[in-house]
Structure formats: C-alpha cells, structure tokens
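Submitted below is the structure of interest, expressed as structure tokens.
Note that the chains are named A, B, C, D, E and F in the order they appear, and that numbering of residues resets to 1 at the start of each chain.
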Amino acid sequence: DFLRALHEVQPAFGAAINTLEMYRLNGMLDCGERHRHIQEMATTLVEQVRRSERTPLLTCLLEGPSGSGKTAMAATIAIDSDFPFIKVISAENMVGHTESSKCGVIAKVFEDAYKSPFSIIILDDIERLLEYVNIGPRFSNLILQTLLVLLKKIPPKGRKLLVLGTTSMPRVLESMDLVGAFNVSLHVPVLNRADITKVLESLNVFAKQDINNAVTALDEEIPIKRLLMLVEMAAQGKSGQGAEEVYAGRSKIDIDHFYDCLHDLAS
Amino acid sequence: DFLRALHEVQPAFGAAINTLEMYRLNGMLDCGERHRHIQEMATTLVEQVRRSERTPLLTCLLEGPSGSGKTAMAATIAIDSDFPFIKVISAENMVGHTESSKCGVIAKVFEDAYKSPFSIIILDDIERLLEYVNIGPRFSNLILQTLLVLLKKIPPKGRKLLVLGTTSMPRVLESMDLVGAFNVSLHVPVLNRADITKVLESLNVFAKQDINNAVTALDEEIPIKRLLMLVEMAAQGKSGQGAEEVYAGRSKIDIDHFYDCLHDLAS
Amino acid sequence: DFLRALHEVQPAFGAAINTLEMYRLNGMLDCGERHRHIQEMATTLVEQVRRSERTPLLTCLLEGPSGSGKTAMAATIAIDSDFPFIKVISAENMVGHTESSKCGVIAKVFEDAYKSPFSIIILDDIERLLEYVNIGPRFSNLILQTLLVLLKKIPPKGRKLLVLGTTSMPRVLESMDLVGAFNVSLHVPVLNRADITKVLESLNVFAKQDINNAVTALDEEIPIKRLLMLVEMAAQGKSGQGAEEVYAGRSKIDIDHFYDCLHDLAS
Amino acid sequence: DFLRALHEVQPAFGAAINTLEMYRLNGMLDCGERHRHIQEMATTLVEQVRRSERTPLLTCLLEGPSGSGKTAMAATIAIDSDFPFIKVISAENMVGHTESSKCGVIAKVFEDAYKSPFSIIILDDIERLLEYVNIGPRFSNLILQTLLVLLKKIPPKGRKLLVLGTTSMPRVLESMDLVGAFNVSLHVPVLNRADITKVLESLNVFAKQDINNAVTALDEEIPIKRLLMLVEMAAQGKSGQGAEEVYAGRSKIDIDHFYDCLHDLAS
Amino acid sequence: DFLRALHEVQPAFGAAINTLEMYRLNGMLDCGERHRHIQEMATTLVEQVRRSERTPLLTCLLEGPSGSGKTAMAATIAIDSDFPFIKVISAENMVGHTESSKCGVIAKVFEDAYKSPFSIIILDDIERLLEYVNIGPRFSNLILQTLLVLLKKIPPKGRKLLVLGTTSMPRVLESMDLVGAFNVSLHVPVLNRADITKVLESLNVFAKQDINNAVTALDEEIPIKRLLMLVEMAAQGKSGQGAEEVYAGRSKIDIDHFYDCLHDLAS
Amino acid sequence: DFLRALHEVQPAFGAAINTLEMYRLNGMLDCGERHRHIQEMATTLVEQVRRSERTPLLTCLLEGPSGSGKTAMAATIAIDSDFPFIKVISAENMVGHTESSKCGVIAKVFEDAYKSPFSIIILDDIERLLEYVNIGPRFSNLILQTLLVLLKKIPPKGRKLLVLGTTSMPRVLESMDLVGAFNVSLHVPVLNRADITKVLESLNVFAKQDINNAVTALDEEIPIKRLLMLVEMAAQGKSGQGAEEVYAGRSKIDIDHFYDCLHDLAS
C-alpha cells in the first residue's frame, strides 16, 4: 500500500539515511493521485535497474515548480530502494568551492557509485549545481559538460546505477540539452484543490468546517512546501503563543488568523 | 506600545549593539502606519523562529527605495529580538576583498550562526554585496550562488536562524531568483504627506505654522533619510551659524532658507 | 554477406576490441537498407586508405539524431577493419580535464596513430568533445582549432589514417566549418516503420500478431537506441518480474504493458 | 568679496597646496554668475561638515562638459576650506596600476582621511578612475563598487569628511547609480557670451574694440579651458614671436590672427 | 615555358624544399589560364623584391575557396624563387601552443628572415593561424595584431622579404583589416569546365570518350583538390582492387563507378 | 621656403634621426597645398611649445586614410623641430608584449620626456597601439586608459612636451573619446588629380606626354604611399629588368605596362 509506505518513513540503514531524512523534514503526506503515480513509476525504474542485465544505467529527472516536493520525493525513492550506495550531490555541501572542485566532487561520487553493485545518485537542484542565473544567462559550462557526460557513461560490467535529478527550471535544462540526457522525465505538480483538501485533512489542524474555507481562501494552486509553511505560521496563533497545542490536536487554527497570514505572505 | 519602543533605543547587550546602533544614527522616528505594520510583521517572524520547532530557518526581505529606512529597520528588529547572535553582512566591511574572499566571509558568518541556538543575520544592501551594476549588467555570480544556497540551507538540529535582507533593487533581485529565495518579502515605502507631517512634528524644528508650508513645498514623497538631511541643511541657517540652537529648541528653521535648500538639492 | 557480419560480432584482437565492444552493448541488429548502405560506404573508405598510395588520410563524419546508432556503427567499422591501431577519443575519458589537457590527449592520440602503418581514430560525440552548449553558444575553441588542424594534417610518409567522427549536431559543426573539414559526411537515420518491423522481428520478443500493433503504436520514427530501451522496459513486465523469460523466448511481451511503457516514456 | 578671493590664490599650507595649485595653472578668473553660485553652495557644504554634529559625511558631485573648470573649482574649494587633510584621487597618479591596486590606493586615502578631524577628498575625473570607455561599454566594476561603498560609509565617531567628485560624463555615472550616491550634484556650465566677455576683459589681451569682435567670432558657448588655450595660441602672434608682450600688456592680440587660430582649431 | 615549369617540380635546395613538397603532394597540373596568370604575377613580385632597392618588403595574399590550390601555389612560388630563406608558418606545426607561444614562433620566423638577404615567408591558412571560428566570432587578437604589425614592418637595411598569405575566408580577413594590410591580393579560382577537361586529359585516367561524360556529370565548378580526390576514389574500382593499374595507364576508370562515387560524395 | 625644406631631408642629430628617417624611406615630395598647410600648422604648434610659458603640453592628432603620409609627416615635424628628445611609440617595437608591458613602455617614454626641457613623442598608428580590431570590437582598454591619462597629464614645471598622434581610424578613436583628448586634430588627405600630377612631375619617371595619361588612368584619389608603390612596380618594366634606368633618368616607364600594373593591383 502506497499511502502506508509514505507515512512509515523511518531510519533504516544508518548514517546515509539520517542525512536523507533531512530532505523530508516535514514528513511525506498523501498529496493526491498525481504525486502517487510519479512515485510508482520511480519504483518501476528502481526495479528495472535492480533486475535487468541490459540496463546498467537509468537516469530520471523530477521537474516541477519550486517547493512542489521534488527533493523529498527523490529522497524517499532512494530510501525505499534499499540500495547499498545512496548519495546526494547538492550545492549546499559545496558552498565556496570552485567550478573545478565541484566537478571533482561530482566525478568522485560517480566513481564511488561504480564500485557498488547497486547505486542511486541524487543530483539535487541541478540549476544550482550549474550556478545558473537568468541574467546573461550565466552558468558553469564545466559542470554542465561533466553532467552531460556522466549521465551517459555506462558503469563498469556488473554495476548498476540509477540517477535521480531534480530541477525547478526544466526549460533552462532543456536549452542545455540536459533534459534529453535523461532517459525519463517526470513532472511533479503543485497541489490543486483536491490535493490541498487531502493534505489539510490529514494534518488535522483546522476545525472540520474550516477546511473548506481555508481551501477556498487559497483560491489557487500551491506547492506543498509553501502550504506547510503557511499552516505553520497560522498555527503560531495571533498572540504568538506557539503551535504546540495545535499540532498536539488540543486546539485548532483560528481561520481569521489564517486569512491574515495568507494576506501578509501574498503581499 | 510601538511608538515608545521606537524612541527608547538604547545600548543593551554590549559591543554588537554598539555596532548595530551605527545603522540608525538619526534614531527611530514614528514614520506612520505603513512603517509600523512592517515592524509588527517582523516581530511575528522573530517569535515564530524563537518558538516553532518546525521552523529552523526563516528568511525575510526588506525592499524599498533608497533611503526609505530599510537598514535602520533591520537593525532595530535585530536589536529588539534579544537573540544571542546578531551579525550584519555588509559590503562596507569588505572593500577591496575578492569575490571569493567575500564568499568566505559570508559562509563563515552563517557557520558561526549555526553554532548559536538563536541567530539573526542581516544581509545589508544585497545589490552591493553582489557588486551589481546595471551596465552589462554585471555582478558576482559567485556571491549570488552563495546567497541562493545559504538562504535555503537548513541549520543543524536545534539551531534557529532568521535572515533579514535589505535591497533598493527588488526587480534586479527578482531577475536573479533571489526574491523568491526569501520566505517573506516586505515593502518599505517612502514617506507620504501624512508621514512627513508626523516626522516634522516630532522633530519640532519648525514653527507650528511652517510645518504645513514645509510639507507643501516638498510636494512629493520623500525617503526618511533624505528628509532628515534636508532638515539638517536648513537647520544650519543662512549664515551657517550651525544647527545647535534649532535642535535645542531655542530657535526654529527659517522657512525661506528651507525653500532655498530644497531648491538647491533638487537641481 | 553483410547481415551475417553484423551478427558475428566477437572479440578478435585483444584489449582494444574489448573496449570497442562497450560501444555496441546491445549488439548490431539489421536496421534496414539505409544503415546497410552507410556501412558499405565506410568499408570502401577503409579499403581506399589501406590500398591507395595517394590517400594517406581520409576523414568521414557520421551524423544523425541522438541514439541513431552512430557510435556503435563507428566501433563496428573500426573492429571490422583489422587495422593495428584503433583508438576512441571520447569526452567520457576526459571528465574534469582542462581544455588544454584535452587537447594534449587528442594530439597524443594522433601522434601515436602516425607511428602505425594503418590507423583508425574515432572522434566520438564531437559536440561533447568541444564542450558545446547552445546557450551563448559556448564551446572550447582550443579543442575546435585542434580538431580543424588535425583533420587536415597529412600523416608522415608511409602512414595511413582514417578518422571517423560522430555527432548529433551536424548544423552546429557546420557553423564551425567542421563538417567541411571532413572528406565525406554520412547521415545515420532513425528507424522508419519498415526498419522497426525488421528489428522487432529479429528480437523475437513479441507474439507474431503483436509486432504490427507495436509498430503502429510507435506511430513515428524512433532511434534504435530508444527502441531497444523501450523494449527492455516492457520486457520487465507489469509486476517487475524481470525480462529473462522474454529474452529466453519462453514468454512474450504483454502488448498492453508495452502501450503503458510507451505512454509513460512519451509524457 | 568673491572676485577678490578668486584672484588672491596663493600658496598657504605647505606641500599639499602646492600640488593642488597644479590643478588651476591658469588661475581663477571671474566666469560669471553661474560659476559663482556653485562656489557659494560648495562653501555652505564645507561649513555644514565643519559644524554639524549630525553630518559626519557629505558628498558632492561637480559635473559639466570637458574643460568647464570642474577640477580647478574642486581644488579651489579644498584650498579655501582650511581643512587639515586634503587629498586628490586622480588617474594621473595611478598610470599602469592594476584595478585592485587602484582600489587599494583609493581605500587607503579614505582610511587616512578617517584619522583627521576634518578631511576633503577630491575624486577627480571619475570616469577615468573607472577606466570607462563607451565601447562595450567597459569599466572597472571593482573600482566602481569601491566608490559606491566608500561614498556611503560613515566615518568613525568625531571624524568629518567632505567628498568632491568631478566628471564630464554625468549620464554614464547616472547609469551606474553613482550620481545618486552623492548627496548633492552641481552642474558646472560652459561659458556663454556674457561670461566670455567678462573673461576676455579681465585678461586684457585684446584692444577694447576687438573684444566684441572676438566674442562674436566665437559664436558659441566655449569651456573656460579651451578659451584660455585659444587666447594663448593667438597671443603667440602670426610670426610666432611669443606671447610675452601681450600678457605684459605692451601689445594686443591681432584680431585677424585670432580669427585664423579659431578657424584652424575648429577644423 | 610555364607549363613545363609546372611539371618539372623536383627537389632542389635541400631540406626546406622537401618540406615544401609536402604542400603539393599531388603535383602541379595545368589548371588553365586563370591559375597561370596568378603564377605569372607572383613571379613578377618575386623579381621586384629581388631587384628593386626601394622595395624591401612586398606582401601578397592568395585567397580562394577551400581546396582551390592556394597552398600548393604558394609553395611552388617559393620553391621557384631560389631565395635562400623560405619558411612556412602553419597552424599544423603549432597544435596545442598557447596564443602567445604562437606569436613567439611567428615573430621568430620574421626575425630569422630579416637576417637573410632574400626571404619568403608563407602564412598558410591565416584563419587557422588566427584560431578563427564564425561563432561569436572568436579568434586570437594577439595573433592578429602580431600579423598586422609584421606585415607592415620594414626589414632592416639591405634585407628583402616577400610574404605570401593564403586564406579561404577573405571576407573574414577583410573585416579584420588584414586584406588591406597586404600590398597585393590575388583570387585563386575553382576549376570551370574548360579547366576540368584540361586536368582530366593530362591525368589520362579516363577513356577518351569518357572525359566529356565525366565533365558533364560534374556539372559544376569544383576545386582542384576535390577533383583529384574524386578521381582517386573512382580509380580504386568497384571491387576495391586499387588504383595502380589506372595510374600506370594499363586500365581506365569505369565511368559508371565514377558516377557512383560522385553521387556518394555529393550526398 | 617650405618646398626646399621638404627636399632637404638629411641626417642631423645622430641616432634618433636615423631611426626617424626610416619612416620616410621614399623621401618627402611636394604633395600640394593641403599637405603643406598641415605642415605649417604643425610648425606653429612646435613654436608655441618652444616659447609659451603657459603651454607645457600640446597634443596634435594627424588623421587620414591608410598611406596618406601621416607617419612620414609626423617624423618630418619632429626632425625639423630640433628638440633634444624625440621618441616614436609604435606597435612595431612591441610585438608580442603583453598589454601591461606595452603600458609600461609607453609610460616610460613619457617619464623620460618629462626629464628633457623640450620633447616630442610620436604615438604612431594609435589603433595598432590599442590592438584594435573591428570585430567585437576589441582593443586594449588598459592601453587606451593609459593614453587618455598621459595625453592630459601636465609635465613638471619647466618641461615642455608636444605629442603627435597618427591614425587612419579617426572615427574609432572618436568613439573612445581619444580624438577629444587631443588639443588639435588635423586631416591628412589622399592625393587629388592636381596633387598626383605634381608628384609624378617631380618624380620624372614618365615621358612628358604620358603624365596626363597616367593621371587619367588613375581616375580616383590615391594615397601617396600607394602611388609610389605603383610607380615602383611599373618602373621594373615588363621583362623585370629593374627600375634603375628609370630612376636614373635614362629611360621612362612604358605607359602600357603602367596600365597593366594598375589593373592587376586594382583587381
């Protein structure tokens, strides 16, 4: 059962997992049909890599708006794979590195992966790895070329590798021929009304009659990450008494205060 | 009471505060409803960071025209927070540094902040930190990427961080995806007629009947910083006798001399 | 007989061949008339280099869409030539090298080739060697100039050299005067309906009556590489039981599952 | 009396002054009402810096066409201020320096200024300091950022600083946000008919009846610097006998020869 | 007699000549009136340099489409000159050199030339020397400036220098002011019908009645280099038996096989 | 008398002059009224620098089409000045230098000049000094800024300096604000019919009746340098017998051969 799996997130294989958990600090909630289908497809890819002798390498891109849950999803796929080698390549761990030092780190992770029978590498926030900015535009061609090559390089005999990339700028990556360099590309959507309702119900922080009001107030699609932050703000309460009571189920979010928070965030 | 708090600015927690005071050399005057609302929202954010266990990181951008009071406001929020770690990252302290040395300084401040339970970092005048100039345009992508990453990096378990940014070029930062990298973005406005009246009244340097004349002469919105400089010039008097008598309340600004100063500054 | 030759791929001259085999991991299937004609022309060029005293140097470019089989074809021509010196110049083996170090490697391979009476050099994925990206566009002019010169440099007396280049960006290379730098340029096409039918028949993974359905579902031209990956995915089966039974001929691909895979890949 | 002051230029406070005198080699003549007003405003600013406790820093830009007298005027303001620390930052003294070495020199001058109770820094020909050229355009962003920061940096407690900038490219500086970085911006104009007449009268090198002819021949506005060069050329005389007799008042410039010089210079 | 001279190419003055011969591996055939006129003009220039005391330096550019025979012609002019110093500056011998190292090599060749009473320097394929590529466009300005200066620098007293440049991109060189830097500029054309007929007759590889067929099949102008390669391919024969019989005059090229080769090359 | 002076060019003050003579290898012929006027104006400037105490620095630009005689004219002015310090700054003597090393050389020449009471510096072919190329365009901003500053820097007390610049790209220099940096700018024209006639008469290499034919054949304006080269070529004679007889006055140029040379040069 997919939903159960989503909630049963728990440390399993030591240190690596602890770090991976960082990427889904707010847990994995049921975000509706579309999120579920992505995770199922990803599971199929994991299986193909595990079993097929003709597929030493599979590469899959998760793309979608900022905050739509790409990184948390990639982390979840990796954790659930049971693969012995899992590594996240993220700009966070390379602040201040030169381009070529970043390339070195990236190449090293792939080389390490080639030594394990089954590996998953997460290329998180590829535009950030590429030091991309839309003015110019500028980016590190050194890193781009490294990724373009490594995404196609066949691991040595007997080694299997699944690469999961995430990006919120698929069109930028497209223009760099990076999207086509992945075997599969999956779109992670923001939440629609139905999805939002599901998430708010499972959070259980609104009085029943207020859920609909809250959804209506949102009036638009919203990424899961932003929705969770909005709820957190509202849960602090008007007088800033803190959210503990709400999350403990002992009180509910005041819907008017929720409207205020929504208004301030939107401005 | 907000107004009282504004005026009660006084050194409180040692050296750090002394430095922070530098950023509001002319004190904090009541600049009207809109300024007050911003400061209240900022206070709420401080409280969320202090209390919420699910909010290890909050980031807030103060944007508005040159001289509208952003830096003084950020300094005031930080001083009022009582947080044990407060640091300003400003281009002033990095004159002549290379891009990568600036990145080093910035990263170091964040690392230091991660060691304190509650921290505030002020990124002052972000366009200047980025060495931005509109011709080209040019800027340091190295520093930009460092900020983009650090603004999203979750502090280690148990650490809380509030980042306050200031800028007078929100559209430039927007085009660099820097505005979206902040959780909240607040607009600090220039003063309108009502605000100016309030400020001039509280300064008490004009004869009562002249306040209205002065406001009318200004005829436009004006940033608080520029208004205070104009008053200072006018207070020197025609013959340059100095402003002491005026500020001491023993004499008033000659309204005709004020008109002259206004005219010269405008040319 | 050409077809037989295609299937009789087997290690022959030691280590070099083992490496070359890597480039046609999925074997060489009969891909129809057009693929065959290219391979015949290539054979003629090999013979001219081998025999003509007036042709110390011949250069031939294989260009065609991504996955159309260029690299596998170049590897096959080289293996079949029996030439004592065969070397692939590929970005894969130069990850992280500087431009000038790449130039050094390339020049070294040519110098080594000049020492053998008969040599073949494969310049694989020339756009990748050039570190090309369409934004800017950017590429290594150092490497480009090196290629432009080496493609025209006559080997020393008594030495014969055939250079085979591959690219999926012929128009980019054209704009760099690189296409004209080759003596001959051959287009490697994607598979059409007839070609696809032939490939699927020879793979023998569909029930006879399903081949036509599969071809119809594809509805478009498809590169051989992508077709083989699609078949592999479908062969895993709905419940991920693995493809062994299918390739062993003990079961066939479920045509409905094939449709699903096709749909997911296309999205 | 302003006119008298203008003519009474004479060494007063040692070496620094001697160097400053270099910038007004041809003395200070009465150039009319507009020049006088600028110098009066500048004097007011000097007084505000000297007296106001709330004005530790004032910055003023003198902008106007090439040769209109900006540098000579800035030097005169500085000399007349009696301030103990006066320094000119000029590209002339940094020929061949690297960008970063120039930044070092600039920063050093400001640091030295911060040690004196009252200081004046002249940033002469800012476009030249910035190594600006209109093709590209190109300029040193390193130096620009240094100026942008230093123009806003408040001197330490008890120190007062007046910065005088000069430029003949205000629009260029505007596009770099450098004009707005100054508190005050004053326009130094070229001479009009009335101004020219005044200057020629005070020079006393034409026969009375020829002054009007000369002014009419000029027919346009002319910068003071160019007018003085033209007079010098004409004073040499047709046969190149030298200008001594003319300046000594023993002979007058031949108006026809003046016409010739004017014509040659204009071509 | 010009024609005889063309065919009498034979080593004459040691090593230098041996190297020069490399540039006309396929000999010098009579390519018609236009080619002859160029070679005559070049001879005149050689004589002027040899004899005129007022012409220490003459520079001549041979420009024309790729393969039209420029390099072979320059080599022939140099060989025929009998000058004691002859040197070819070519990108081939500088693969992997840095820009400034290339400049060093170029400057050294000129300095060496200045030491000989009569010298010829061939600047072969100037666009390649300049590392030119049409994207950007990019090229080495360092090398360009070196050429622009050396092409105008008068040799020391008593030294005579003829510089022969070749290029297939005259318009590019024009835009760099390089064409105008040469005293004379000569256009080397591709072969027309009459020229082709002449060449094929003198090669004597077709049956008499087939020459006309071959010329008609070509249907367009063709550069001498490409024509010779096409003949070589056709001479290998359908079954790849080799061209010896044909060149030895013992058999003729099969005209149908010639048509096939032509078709494959054109595709 | 100007004409006599023109012809009386002869070594006078040692080595420096010998080098300067290099720049007018073909002597100075009477090129008509316009050339003469330029030289007269230049003489006036030399006198002003020599005599005026108020003119420590004069700068003059000679601009005109390629080959119009600018360098020869500047050399002549310098030679005729009798000034003790004369130096040519030319790209010819700095082949292969880095930008900053060129700046060093330039600055050194100016410093040396400041030590002599009267100096002339010739900045020859300024676009070449600037490494200018019209593609991009590119040039050395380092050198440009050095020139912009040095052209305005007043020599130390008691030193006099005349700077003569030459360029065939006045519009390029204009766009760099370099033209305005000179006090005077003079246009050196190509020869018109009358000028050409004068030059050909004084050369005395045509039969009297042929001068008119030659002028008519030219049909356009032509720079003096190109005219002299054309005459030299024609003087070699059809059979390349050499020009000695012609220059010695013992024979005349064959007008038909002159037409041929003209035609070949024009193609």
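We take it that contacts are C-beta pairs under 8 Å (C-beta built on N, C-alpha and C of every residue); 3 or more make two chains touch, one makes a residue touch a chain.
Please read these numbers as outputs of a predicted model, since none were measured by experiment.
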Mutual neighbours - chains that touch chain A and chain D alike: B
Touching both chain E and chain F (chains): none
Identity of the chain that, by mean CA position, is farthest from chain A: F
Equivalent-chain rotation between chain D and chain B, CA atoms, steps of 5 degrees: 60
Chain B against chain A, contact positions shared by both copies (same if over half, else different): different
Between chain A and chain E, centroid-to-centroid distance (C-alpha), Å: 61
Distance between chain centroids, defined by C-alpha means - chain A, chain C (Å): 35
Inter-centroid spacing, chain F versus chain A (mean Cα positions, whole Å): 71
Multi-partner residues of chain E (each touching 2 or more other chains): none
Chains listed in ring sequence, where chain A comes first and chain B follows it: A, B, D, F, E, C
Residues of chain F touching chain D in the complex: 41, 44, 47-48, 51-52, 54-55, 100, 103-104, 107, 137, 139, 141-142, 144-146, 148-150, 152-154, 175-177, 180, 183-187
Complex contacts: residues of chain C adjacent to chain A: 22, 25-26, 66, 91-92, 95-96, 98, 128, 131, 133-135, 138, 229, 232-233, 235-236, 240, 242-243, 264-265, 267
